[in-house]
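Here chain A shows up in two complexes: once beside chain B, once beside chain C.
Then we have the complex of A and B:
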């Protein structure tokens, strides 16, 4: 913005400077907010990390029992209980997030290709509001449908009695499972990924894909080998943003994943998919009522600190990926 | 994006060239999967909307909309969701009133000033970080801050020197953070799409930058800003975690102190989302019929907001290319 116009009165110049300063201060407040957030949350969470050391991240014992112990700590601050091995929660979060993002990437790439290239006009006209609607449905509605429709369906019809008996001394299988959580979460994060991928595919220069088609490959292959490859940074950015979104999903997952701090065991074969778990974000929502109990609250803030730092890194990564794309004018803004 | 919409031919990315007709098995499977994915999305959306419609029509009655929720296990006596409905409206208004001006201000600074460049880059990534922070983390951060005694005027003093930290004011302030990135993003895009010569014409007429922004750029980006605000309102209406932590999610709206309007804002309450959550099988209320009815109303609000966005983006704005 070098163009400043003809010289105006000094007073008006000063108004302009003042406006710039005020708006700049407003914008910088965002940075102050983030700094405060990290500082406050970590300061509050510190005792939980400090008492457990690296064991905090490890496995061992039953998390639910440990949390009850923390909640029922003696009133004397020097007797506070902090012992916690949070591995099942971390593992559950990583499992559901990872599975949903993988599945979501696949679905969103296919649907983006469909929207950009193969869909007839009328289906494309329907798909745009459909994607927007799926993105806008509140998570509590997804959770409600999940727990009233999907969970009983899996519990009564898909998981047979033999399977329930096979693990009945370890965990109850009632349908609330990582499978239902992953499926619903995929539906929730796919729309964002589709929107970003469609934008990127549309901004691939036409003559690249046309060139491929003119060289004699079919339209699907032209789009897959040239279009998707050119849009790769956008796809990475979409996956990163979706991961951040999935990490923070609390309400829906606390409703449909059974809310047991259990680490599903892949060695159980198919049963693995029907085992319940609990994610970090869901744990915070469920522990919200106990925040006033000091050691318990500090433990919740430790979970929040872990989420905060991972989502901050993810958003920063997504921002970097999209920034680097602007060079090639394939950037969704 | 709008530029692409104009130059894009209706035939898709590859356009007039038909491509080869030799389709390998893999390509055929891929094409079928693409069709499948597209149709699956439509089916999921249709299933959600139809299911909620059937349940909503089945269980919703005017009485539910206009009666206060009451405690009690007997579902015929537990009332409706007037309070959550008011809570949703109040919270949306408060949060939007904060997020819209702040978001537009940040967007204006980023596009029109953006000096020094390193600060602009930092703010840009900062907005992304706020966008990526889980709302439950924002919520308990808000609780941490607003429980400090000096903020007790926003709720009330629970014990001397410690604020209760839960009220419409506080929930609205934190709620505005989840709408903020959407407002900033949409406003930036709208400001970017105003061509340079429009600004230069304004400077040539002797306007300084701030009056150019006020008189020319902001009116020209009305539609983009409107879209961002509506998107943000959708997020606010649908959020549950912040309401659970910062609004108390009490059964009824519970004003504090004697002053009617202010007392309401200092008090706790609930919104449709927490009403649904508490009445679902995981909550304490345990009344799925009422959860369905409230969820249907919630979905109607969200779909209504989507329509608003559609109207805004379809309406004719200033066209610089003509």
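Then we have the complex of A and C:
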């Protein structure tokens, strides 16, 4: 642009106004887009929900056989098959996401505390960029490492033949399992949680923790009782973000969890951790080949709708949690 | 201003390129294909040869996505040709023509450490149906312990072919591990001494292919029709193929140069 002389106040006002319009229009466009997307997904998904009612969310039968039935529906729209009991997929999603977020929160809190308070300068200088780099690694790379290294390792060396035989007519333990899925997912979501928690701990005013230290507590205790408490809203935000990423993770989980629509049973003891499952997002990826079969596509949209609702509830829950923590100050974002 | 000149040059170049491209595009038809991941490697090899044979008379655009993606794409006119590795189904959109271009063999594969000498229809159904779960009860097996079965998701063309050719009305064992592609099944069986799965012939490298009903899963046996585990590969068009697409499909099915390429890993019709 050509160099200009100093602007008059009026010109500046006009520029501001233009920027306001432009940004406002963009923001509303995003809102409209989201509204359209939700409406579209629900409209597509409706037949699947309508046919099954509440049974859709229940257990019963074999999901893969039900999906095969839907896929092989006759050509006549009035004969479309929709029967589906999606419980194993819902349960598998909740199980893996929940476990990974719990584990990730624990690990990220401890590492963030280390980075902020205890790490020597040179370690911090290495750790921080590495954590940020890890947060940006595409999930398919984790999936490849999982399927080429971890799954065969667990299948051939960790899970013994006796354990495999004990459940062989129900499920096969080939190494792809909720354990590997949870581990890899934790590695995937932890870096972003660490990054957010570190920033939050840093923004806790120094004199607060120093005040605690002056009262005679050690550094760890001061950080735990004052720093972590003040940073709680940000920690919740980090957990929410991580949960959203975990819920949406498809490719990696499809590769390492065995992709069997099976609901692992905690009563199986240790075997439980080696049992496979399949998450909703993984199911959508795997079903993508059959989208042209109308009832099958609608069923996939039903899975997508459920994921959309979950993430909506997730943000709402996060908002509530942060609101109730407002008294711990450090204005929530 | 000093930086305006290069900008003007770039704009001029862009404008002339924009004018030139449509002119070139009208002179040279483009055949777009999408669909079966089993057909895609074959289509890519054939397209490369076809371009050199006909001296660049057409250009190709090849996408994947699975047989049903190809069929729905061609039905809606998004592509010229939809690749499919399954036979026509009653639920397919009307007005489509399935042009058969080759056969493909589906091989039963095991880990190299467990060279199963042979298997018959009942054996395949028992193993993949889940009624036999231990290698010790499979005759000729050198593995011991639980059988790990690797299958494909219900929507895949290979799964469809396997179900029709080998399983019939037997249902796949519900505990078997489902993989999203031929390559993932190959990788899983390669890494698991107790594994068994099924893949297209071209994905059997590094694995033991189990003879089916006494016939080895090789191109030669598939071509002669002796091998039982075969399926058809199609290029689907909306109505009979026209123009460049017609010449291309005709070249694949009639010319020996094309047959030579098909026969590297698939089985030609000729």
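Annotations
Here is the rule we use: the second predicted complex is superposed on the first by the 292 of 333 C-alpha atoms of A that agree within 3 Å, B and C clash if a C-alpha of one lies under 4 Å from a C-alpha of the other, contacts with A are read in each partner's own complex, and residues count from 1 in each chain.
We adopt the following convention: a contact is a pair of C-beta atoms (placed from the backbone, for glycine too) under 8 Å apart; a residue touches a chain by one contact, two chains touch by 3 or more.
Keep in mind the model is a prediction, meaning the values are calculated, not measured.
After superposition on chain A, the partners chain B and chain C collide with one another.
By the document's definition of touching, of the two partners only chain B reaches A:110; chain C does not. Annotation: chain B segment clashing with chain C after superposition, chosen from 98-106, 278-286, 296-304 or 314-322, is 278-286. Counting contacts by the rule stated earlier, residues 147-148, 254-255, 259, 285, 288, 291 of chain A appear in both its interface with chain B and its interface with chain C.
Residues of chain B touching chain A in their complex: 1, 4, 8, 10, 12-24, 27, 30-31, 33-42, 44-45, 48-49, 51-52, 102, 105-106, 108-110, 112-113, 115, 119-120, 122-138, 140-141, 143-145, 177, 185, 188-189, 192, 199-200, 202-210, 213, 234, 237-241, 244-245, 273, 276-277, 280-282, 288, 291-292, 295, 298-299, 302-303, 305-306, 309-310. Across the complex, chain A meets chain C through its residues 2, 62, 64-65, 67-68, 71-75, 147-148, 151-152, 155-156, 161, 164-165, 168-176, 254-255, 258-262, 276, 278, 285-293, 296. Of all the residues in chain C, the ones that touch chain A in their complex are 1, 65-69, 71-72, 75, 89-92, 130, 133-134, 144-150, 153-157, 171-180, 184, 187-188, 191-195.
Considering their complex, residues 1, 3-6, 8, 12-13, 15-16, 19-20, 23-24, 26-28, 30-31, 33-34, 36-37, 40-41, 44, 107, 110-111, 113-119, 121, 123, 126-127, 129-134, 136-141, 143-145, 147-149, 187, 190, 194, 199, 201-204, 206, 209-210, 213-214, 216-224, 227, 241, 244-245, 247-251, 254-255, 259, 281, 284-285, 288, 291, 300-301, 304, 307-308, 311-312, 314-316, 318-319, 333 of chain A touch chain B.
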